[in-house]
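Multiple structures follow.
The following pair of complexes shares a single chain, chain A, combined with chain B in the former and chain C in the latter.
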Partner chain A sequence: MEPLKIPATGRTPEVDFDFAAGTLRLSGESYPDDVATFFGPVFAALRAFLAEPSDAPVRFDMELLYFNSSSAKALMNIFQMLETAAREGRPIAVTWCYEENDESMQELGEDFAEDLHHVSFTLKQVPADGAP
Partner chain B sequence: MLAEQYAAIKRDLDDKGIIFSFSGYLSEGILYSLGEALREKMTLEETDGPTVRRVFSVFVEQMQNIIRYSAEKVMGSSAKPVELSAGMVIIGMEGDKVFIVCGNTVLNTDVPRLKERLDYLKGLDKDAIKTYYREQLRESPDEGSRGANIGLIEIARRASEPIDYDFHRMDEEKSFFCLKVRI
Partner chain C sequence: MTFNLFAAEEQAIEQARLLGERLDAVAPEFRAEFDALVEAFRRSTREQRRLVRVSDRLQAQLGSANQELERRRQEAETALAHLREAQEAMVRAEKLASLGALVAGVAHEINTPVGIAVSCASHLDDATAQLREKAQAGDMSRADFARYLTTATDTASLILANCERASRLIASFKQVAVDRASAERRAVGLHRYIQETLVSLEPKLRQGAHTVAVDCPDDIVVDSYPGALSQILTNLVMNSLTHAFAEGQAGHLTIGVEESPPGTVRLTYADDGQGIPAEHLPHIFDPFFTTRRGEGGTGLGLHIVHNLAVGPLKGAIAVESEPGQGARFVLTFPTVTPEDGTGA
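Entry: the complex of A and B
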């Protein structure tokens, strides 16, 4: 499947989905003026990828610094797709990165992790790069 | 006369600890520009990243509430649909705490439901807010609510004190709604 690559903008994250390699990554900030317009193609590509029968492991790196509440709903949607695929046997590992001392992002990671039983979920603290 | 008049407004803002204020029509574009200015200002003052993001998060949710729910709107569609919503946003310092106040008109018929939500949130402690957030994350949005109910919960979660709100009845149809959050 063709990769999905969307460069970051001031208010939307970078999307780097390399489906052939099984490595997916969201990074940056997310507070789009229209969540549905931004996340629509992301959902569609991910859904199509997970629908293909395969046992190949999937790695999802969440490297978001900030997201608004409407984006949180979109992330929940992504996690539900991953959880469904993992329940059906696909090995899926999610790494949730948060900057040191950023308790809000750490807690948000825990919020999502609560619903994941088949996806392997890791919280990973990364050093702050100084840019807020 | 002119300078005196506006100096008085400026002095009044300064006396209240207000560092930033905007009143008028808000849009997503204005949210973005004001948000950038706010972050630059805080970063220059060497505020740490997580604090900047907490303030920014409350700012974004408050602004988007105005843009979506203000009862005073101008809609139009040129090349790109525009949505301008009247309201105000004020950011200031009280002691060592940042506060954000947002104000906009709402329909009187929407007041009871909004009040009920805010009172419920005000009554929750930190852990209960967290649990409530997790519950709402799984819910589909309410009818008539664009985006999510969790905007208000996100605000309450980032606040360091219980949120403060008030309504002022303007006429038969509308009230002025104010929400003050300390971070």
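Entry: the complex of A and C
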């Protein structure tokens, strides 16, 4: 399946979904003007990828450092899709990155992991103001 | 009792659990579907909690960003206030420095008559001693006495004339200096006051063989702040001498005064130098605008002129110039400064 790569803009994050390698990554800041326009294609690609039967492991790196409420809901929906796939037997690992000293982001990560039972979830501290 | 933001949702979930148990008894075939609905509601509640947290986090970030913005705004305002204070201090220093230059100019001017008086007095003293020797030796001729009388008359009149000149210079300087330093309001004859101000500039003008022509009716009297006017003229002349003329070029400065309309003095100062480039014209009254920073220019001379014209004199000043055509400054101000004037 073709990879999905969307470069970051001022309000939208970088999307780097390399489906062949099984590595999916969202990084930067996310507060799009229109959440449907931005996340629509992301969801479509992810849904198509997860619909293909496969046992290959998948890694999802959540490297957003700032996101608004709509993006948060979109993230929860992505996590739910991953959880459903994991429950059906696909090995899926999610890594939630937060900058050091950003405790509220760390706590949010713990909250977001609450509904993940089959996905393996990891919190990862990254240096502040540096690329993770 | 602890406060629970999601008490109603938890209560609904508890009711659903009890309803599920009753459903088991009456219609167990719907139980699984019912549980799925309840689970969806539970998850939705959890998501709602997360969204509230995300939203609170965003509000907090916005709040601290605003605080930071306010802190920086205050820093910038403080820096601006300091800058203004420093600028005012520099303007005061520049005014004092120009007072110093005025003193030096007048001292130089007074030196000439005093020097002449001293050498005349010394000559008279010698002649008197020689005559006394001859008289005591008893060989003073009638011609000796006549020659001495001529010497005494000539030197005495030179001493008197030069001392009077020095005295006049001191008087006019004293008035100009006091006006400059005290910024007091008083009535002055404009023509005479302009001449008195020019005295202190005489050495500088003579150095470059520059001439000043003053065309001012004798009967214009202004009730204003003459110190400010004197400072304006001095700065305009110094500006011309610094910028207008090439090395060795003798300039012609003119000061024309008329009362037009009645109650308003219109003073036109002009030089016949190289003029001011058009791109500099909009900035010449700005503080610290100078084309000679490396050579000791502060860029405050014409700024002070502008401040004094619109401040103490309650007037206005305009400049016009074209390259090669000299520069013209037109200063207008009321003959009687309105009462709320504070001076400077």
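We adopt the following convention: the second predicted complex is superposed on the first by the 129 of 132 C-alpha atoms of A that agree within 3 Å, B and C clash if a C-alpha of one lies under 4 Å from a C-alpha of the other, contacts with A are read in each partner's own complex, and residues count from 1 in each chain.
Basically, contacts are C-beta pairs under 8 Å (C-beta built on N, C-alpha and C of every residue); 3 or more make two chains touch, one makes a residue touch a chain.
Bear in mind that the values here come from a model prediction, so they are computed numbers and not experimental data.
S.K.: Does chain B (first) or chain C (second) touch A:33, or do both, or does neither?
M.R.: first
S.K.: Look at A:65 in the shared chain and tell me whether it touches chain B only, chain C only, both, or neither; answer first, second, both or neither.
M.R.: The answer is first: A:65 touches chain B but not chain C.
S.K.: Compare chain B and chain C by how many residues of chain A each one touches, and report the one with more.
M.R.: B
S.K.: Name the contact category of A:103: first (chain B only), second (chain C only), both, or neither.
M.R.: A:103 contacts chain B only, not chain C.
S.K.: I'd like to know which partner A:127 touches here: chain B for first, chain C for second, both or neither.
M.R.: So A:127 meets neither chain B nor chain C here.
S.K.: Does chain B (first) or chain C (second) touch A:76, or do both, or does neither?
M.R.: A:76 contacts both chain B and chain C.
S.K.: Mind working out whether A:10 is in touch with chain B, chain C, both or neither, as first, second, both or neither?
M.R.: Only chain B; A:10 stays clear of chain C.
S.K.: Under the stated touch criterion, which partner chain does A:53 make contact with: chain B (first), chain C (second), both, or neither?
M.R.: neither
S.K.: Counting only touches as set out at the top, which of chain B and chain C does A:114 meet: first, second, both, neither?
M.R.: both
S.K.: Which chain A residues lie in the overlap of the chain B contact set and the chain C contact set?
M.R.: Touching chain B and chain C on chain A: residues 66, 68-69, 72-73, 76, 104-105, 107, 111-112, 114-115.
S.K.: Help me check something: in the complex, which residues belonging to chain A touch chain B?
M.R.: So the residues of chain A in touch with chain B come to 10-11, 31, 33, 35, 65-66, 68-70, 72-73, 76, 99, 101-105, 107, 111-112, 114-115, 128, 130-132.
S.K.: Residue numbers of chain A touching chain C in their complex, please.
M.R.: The touching residues are 66-69, 72-73, 76, 104-105, 107-108, 111-112, 114-115.
S.K.: Can you check the complex and tell me which residues of chain C touch chain A?
M.R.: So the residues of chain C in touch with chain A come to 43, 46-47, 49-51, 53-55, 57-58, 60-61.
S.K.: Applying the document's contact rule, which stretches of chain B touch chain A when the two form their complex?
M.R.: 28, 31-32, 36, 39, 42-43, 47-50, 52-54, 56-57, 60-61, 64, 130, 133-134, 137-138, 141, 147-148, 150-151, 153-154, 157-158
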